[in-house]
Amino acid sequence: MLKWTRRNMLAAIALAIPLGFGGMAATDATAESVLRVIPHADLKNLDPIWTTAYISRNHGYLIYDTLFAMDENLAPQPQMVESWTTSDDGLVWTFKLREGLNWHDGTPVTAADCVASLERWGKRDGMGQQLFAVMDSLTATDDDTIVMKLNAPYGLVLESIGKISSNVPFMMPARVAATDAFEQIDDYTGSGPFVFQKDLWVPGSKVVYTKNEAYVPRSEPVSAASGGKIAKVDKVIWTYFPDQTTAVNALMAGEIDYFESPSNDLAPIMEANPDIVVEVNDPLGNIGFARFNHLLPPFDNVEVRRAAIMAMKQEDYMAGAVGDPKFWSTCYSVYPCGTPLANEVGSDVIKTGDIEIAKAALAASGYDGTPVVIMQPTDVPILSAFSLISAEKLRAIGMEVDVQAMDWSTLTSRRALRDPVADGGWNIFHTWWIGADLIDPMAIGFSGNPDKGWFGWAEDAALEEARSAFAMATTLEEKQAFGRTVQERLWAIGASGQLGQFFTPVAYRKNVTGLIKSPVQFFWNLSVD
Amino acid sequence: MSDTVLEIKGLTVRLPEGADREFAIEDVSLTVGKGEIVCIVGESGSGKSVTAFTVMGLIPKKDLVPVAGQILLQGDDLLKKSDRQMRKLRGEKMAMVFQEPMTALNPVVKVGDQIGELLEIHTNMSRAARKTRVIEVMKDVSLPDPEKMYNSFPHQLSGGQRQRIMIAMALALEPGLLIADEPTTALDVTTQAEVLELIKDIQRRHGMGVMFITHDFGVVADIATRVIVMQHGKVVEQGTRDQILTDPQHPYTKMLIGSVPSLTPPDRPEPKAAEVALEAHKLNKVYGTSGFFSKGRVVHAAQDVELVVHRGETLGVVGESGSGKSTVARCIVRLIDPTGGDITINGANIATMTEREMRPYRQQIQIVFQDPYRSLNPRRTVGQSIVEGPMNFGLGAAEAQVRAEDLMRIVGLAPEALDRFPHQFSGGQRQRVCIARALAMEPKVLIADEAVSALDVSVQAQVLRLLHDVRERYDLAMLFITHDLRVAAQICDRIMVMQHGVVVEQGRTADVYANPNHPYTKSLLAAAPGRDMDFARLA
Amino acid sequence: MANVDQDDLMADAILSRKENPGVVSLMLNNRAIFWGSSLLFVFVMVAILAPLFTADPVSINPINRLKPPSAATLFGTDFLGRDIFARTLYGARISLVVGIAVAIIAISIGLVLGLVAGYVRVLDAVIMRTMDGLMSIPAILLAIALISLSGATLGTVIVAIVIPEVPRVVRLVRAVVLTVREEPYVEAAIAAGTKLPLILSRHILPNTIAPLIVQATYVCASAMLTESILGFLGAGIPPEIPSWGNIMSEGRTYFQISPWIIFFPGIALALTVLAVNIVGDGLRDTLDPRIARKM
Amino acid sequence: MFFYIIKRILATIPVMVIVALFVFLMLRLSPGDPAAVIAGDYATTEDVERIREQLGLNEPIPVQMYKWIAQLARGDLGTAIFSKLPVTTLIGQRLEPTLLLALCTIIFTVLVAVPLGTIAAYKAGSWIDRFVMLFSVAGFSVPIFVLGYMLIYVLSMQLKILPVQGYKSPFEYGLWEFLRHMILPVITLSVIYIALIARMTRATVQEVLQEDYVRTARAKGQSEFKVLMFHALRNAAVPIVTVIGLGIALMIGGVVVTESVYNIPGLGRLVLDAVLARDYPVIQGLILFFSFIYILINLLIDLSYTLLDPRIRY
């Protein structure tokens, strides 16, 4: 046996040496420029209309193009559109596509394609549904002209089709857009600056995009999603890392160029490394929520909700879940601080952040000791922390708390249940939205309509009025006015607890340049040298 | 002197702490001369094996330490040799044949190579040369078709052939000394005879000195030139074969020889026509079912066996291993289910009964097994073991206790011993307990399955006497399963000879022994070691 | 045949060892068991007395989070500023509870199934095939699936760990039964008309005890490890409960900036499991249930 | 022999069926469903419902089960809900890393464990023996992921002599790159396995050394080394190989952890992700696949006995 093993080892070594050098030679040979990225999540599916997952949205931005796109001031700018006109009554919109737009398969992009794409999007996206609700017709009058007829003036036409985050109205070939909106597409032809390599895709691990040589970028300088999208690398490779530590190590060891969402706590280590830049790329950051279930006691009682909110001291949540103060700030506006609609109307309730006051308020509310079920998603550290902190605070103000641990996917399915706690219902779950999704009252999170609204099913007629009024509003003043009313109502009914605004940094090696400041991660304009 | 192969002088080997005595062997002196076969006889614990293994240098060094004496192999002292030197001597100057040919051969190596290994170690022969030599010695021990057998594995050979391989191995290098440790004990009587013949023959032709360890005086009678009797690690007597066998001096030797059952049955009174206690008719047992895939290897362990046992009578079932004698016994006790036939115990046919129906009859038929070490639950006191049966059938604890005590006296043990555990008894005592346990049920039929085979000859004699007595006392019908013709001769009124599951001959013991009809019976009797000596008479 | 003579040599040499004296005395003589169990004892004490000498393991204090070990917080704090020392001590409770619970449950179920399989020919095939099935599913995967699907509670975790352990026990018990039922003294009992339940309890069960005790320790050890791995993979006991696995899995992210979060519970876990294993080995050597090895 | 193989293969069918049913029910009777995960954070209850319909998740369980079994009968493991790729493709993509990881681990383990165990058995009670036993106990006691992190920390972060993570296919990057990336995972994964096999080897060899034929060999004057190699190990082979087989299950478990620590895109992580995302077809497919492999390997092992031990014939 020993003899045998010895022989084997020798064999192994003998093999290793020549082959090894051969292998090295081979690796040196490759000269194309590659951007090796750790995405914030595993790209599980490829249809950015079918799912709202941010990772699918980012995938969409790589391979698809949009009619309009937001610039860094969140103002919609033309992207695929050359020019557009609006009738004086604001009911008829005409869009003209620019020259040289081609699908990855070489066929030209037609207006018909875009119409089909918008329609599919309109079936899934909240803002899309609103837009189509006021729409009479959407037609392609010729190969590069789209005509949209509304039945009432609508203030968010461009904001909708230039939407920066999920679901982004990406343009797909008509044949693809024909797919049922609730079914996944399986043809990934786009017209964007990069091409998706399906046969190199290893779900759960690796996605490969190659430069779309045929893409004609706009001439304007790049600004968030708008401007000229220039692919500056031959290849973008996403490698998903389930484990933060390993990811950071890989970045520091130079096995990776770009790390999309490192945990804030790991920033110091990476900053200590001279080859690595850590910076906050998303000016709007994310807003943390504690969402109440408005249908079930005790949170069917507005006073109880408000009492709970009073206990939620943002500093504690942020310090506990995010850590380093340079990555978070308190924000008492329902619209991310630093966005046009941001204001502080009615936000005293959240400003309170004091256990004693909250205790008193709860006592006054007539809370009967009904236990509160908090769903804790153990596989999402920040939300896990939020849950634990809420649990402690609610206990502190004298509530019965039952923290139920589960993974995020269980939570997502369970939060859809309207049933009482006994039948699997819930009282509170935590989540965060990226700021860009909350810049105006149209966000579904702000809905006051329990039937069409978001989980938690807040109900408030006045709120709904203000929201639709906002949609119709056309001037900034009006918009801000309605925006304030919406916020005022949201705080009045204590729709959700707001836990602060936090910023997740990106980390990349010094040789990466051309990062675009934006709430969404884009991969054009980035180069490696 | 030159014709002394081995001389042991005052050899003493110490036992480890906590053993039952200080020395395994004490002041043992003996010689083995060229061309003689020296038998070392003794019961278990006599130290005969230790002596042999010490010579070979194969004793576990941790446990056994030679503390005095010399072992002179052709003049030079083995106790002074280094391990390396000993290795050189082993196989080359002295070789050993062990008791269990099955376990003594490496199961996963071709027998030819195992013999060849020896040459590989001690010579620088070429592969080819080794092979020819191996085949040569295999011929020498008259193995059939050596070329073919060279490539077979131990499990493909019969017990006798394996032992021949062992002997061939020992011979390969023509050592001066051959040590044989109970080489035939594990073999059937006919095979035993052949192997003994072989050893004698080999020894004659190669003129080597043989040290032959055995417990069986029959074997001694057949093979020994000189005999050494050992007891408790000491040599009590030694002399030529005839001195020892015909005119033993030491009482222990006398006792030993006296206990060897005679091969000639005592003439018994014609058994009075007593009621039939047990009857088997067309009893069949087939092992192994012919499945769809398994190429139906069926063994007909018992074939149309007919037997009748009357009260107060002992029927012996003799045969070699695989003859099916034990199968019959186990069928009758319904430890295994017969595949066909009737078993009648006073009127009732128990062959086809379910376990539930069977229970009441269990009481009437009891069995005593071969292995005294495994027949008693080590975790229960012998008392508990004895009363278990009766209490199953509703006997009160108190009465059961009383009965157990009586039985202990009857089987010759102290009633106080009832609350001891089996490991505190010797083999013979355990067998007595087993008998007591069987009797406790007050059975009509007692089956003794090789009940004395595992016992030393002296103990064997006592247990046989006991079995005889209890049979008389309770007027039992006894079915006595054994492979030992001597034992059978002494205790059985009638015997039944089985071969390959078939009864080949049946009749009054005296008649069968006097003039056997069936050739197989003849060969059995012919093969019985020391058949021409009648030890018992000496005692 | 003639076993007695075959044993001649050993019989001469080590007669005394053929007997089997009281388990207890043997255990006390065995150093491994002594050290192992004393170490274990310490952990049990710690677990029970934890409240006496530590802070509240769940009280969070975001201000001094991720503090390195210091006089104030012996083992440092985690990302919510919870005291790792306290959590580690309390963690002992969970691990021990899981370990012991799993061992007891798995052994009891396995014992019953094993006895049945070993003695009731009809059910043998059914049971053993099912066991093969369970065995063929990698334990960890099974557990992860079970837990993350049916919700993480101490209960489900224990169940999830028990299920894959059972088949091994069943196999062990069955093997023992099959060997022992052939023993002459069992046959003697049958011949003496002893009823099946008695045969099992009197003659067969006692033989399974020794191997089972040993097996139990191994099950217990592997259960503790599995628990921690599950915790690590985020599919374990609710993170609110400070089990070693959870503490470590929470410390995962901070491995480089505050290794103590993983380090201390890691050591504690390793030591406990080590202790249990040592006891197990000791027992195996003293009780020497050869069958246990054959498994 | 041939019949035996057929027989054994047939015998695996009921086992597989049991596994299949068990897995299926386990999944369906548990909370959490893919639709909600897919629908995402902004989805409304309605969306979730629509998607459940699309996926056929609101059909009665027996129907779903029937469909699935029918599928399996056609040798089709189904299609992943998320990636919309056939499960078989997914497995195909992930097979190589896991396979090679397992292979290297087994080889490494055997190379280390068997000699260790043998020496320990031969020198029973010596310090080597004590060391081996201690190691084998310790190996059982250290959580695999802690070990993994320690190794990364020391060898990759501090000493920087080995890559931190990842998998480099030998077919693209050459054997050397492949091995460099394999060293840490293999060590991590093999420790517990080495412990197991060294311990087993020791036990068996020790037993074999008590055998008569070893005594015979010594009686022939055979050297201790040869006795160990030629007689002891050859007879110890069967039990050792058996443990290697049983260990496979143990190892598959370890693979999941190892792969996620070292970010190796193998089957272990595939199944973990699938579980967290409720991708039923993938979970079912993989667990079936794993148990099939396990059963297969153990069948092969049983057959290998005939080579190792002439007494065993089927």
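A, B, C and D are the chain letters, set down in written order, and residue numbers restart from 1 in every chain.
FYI, a contact is a pair of C-beta atoms (placed from the backbone, for glycine too) under 8 Å apart; a residue touches a chain by one contact, two chains touch by 3 or more.
Note that the coordinates shown come from a computational prediction; the quantities given were computed from them, not determined experimentally.
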| item | value |
| --- | --- |
| Innermost chain, where centres are averages of C-alpha coordinates | D |
| Maximum inter-chain contact count - chain pair | A-D |
| Averaged-CA centre spacing for the pair subunit B and subunit A, given as whole angstrom | 86 |
| Distance between the centres, which are taken as Cα means, of subunit D and subunit B, whole angstrom | 49 |
| Approximate Å spacing (C-alpha centroids) for the pair subunit A, subunit C | 45 |
| Shared-contact residues (touching 2 or more other chains) in subunit B | 100 |
| Residue numbers of subunit A (touch at least two other chains) | 243, 245, 249, 379, 406-407, 410 |
| Set of subunit D residues in contact with two or more other chains | 31-32, 149, 157, 260, 272, 276 |
| Residues of subunit A touching subunit D in the complex | 1-3, 5, 8-9, 15-17, 19-24, 26-27, 42, 44-46, 50-53, 124, 126, 166, 180, 182-184, 186, 201-206, 239, 241-243, 245-247, 249-250, 253, 255, 379, 406-410, 412-416, 418, 424, 431, 433, 437, 444-445, 452-455 |
| Subunit C to subunit A touching residues, read off their complex | 59-60, 62-63, 65-66, 79-81, 148, 151-152, 234-235, 237-240, 250, 252-257 |
| Contact footprint of subunit D on subunit C as seen in their complex | 129-130, 132-142, 144-146, 148-151, 221-222, 225, 228-229, 232-235, 248, 255-256, 259, 262, 266, 269-271, 273-274, 277-278, 281, 293-294 |
| Residues of subunit A defined as touching subunit C within the complex | 243-245, 248-249, 263, 265-266, 268-269, 316, 319-320, 323, 376, 378-379, 381, 384-385, 388-389, 391-392, 403-407, 410 |
| Residue ranges of subunit B touching subunit C (in the complex, touch as defined) | 15-16, 18-20, 24, 44-50, 53, 59-60, 63-64, 99-100, 182, 185-186, 215, 233, 321, 333, 335, 359-360, 362-363, 365-367, 369-371, 373-380, 385, 388-389, 392-393, 423-424, 427, 434, 437, 441, 450, 453-456, 483 |
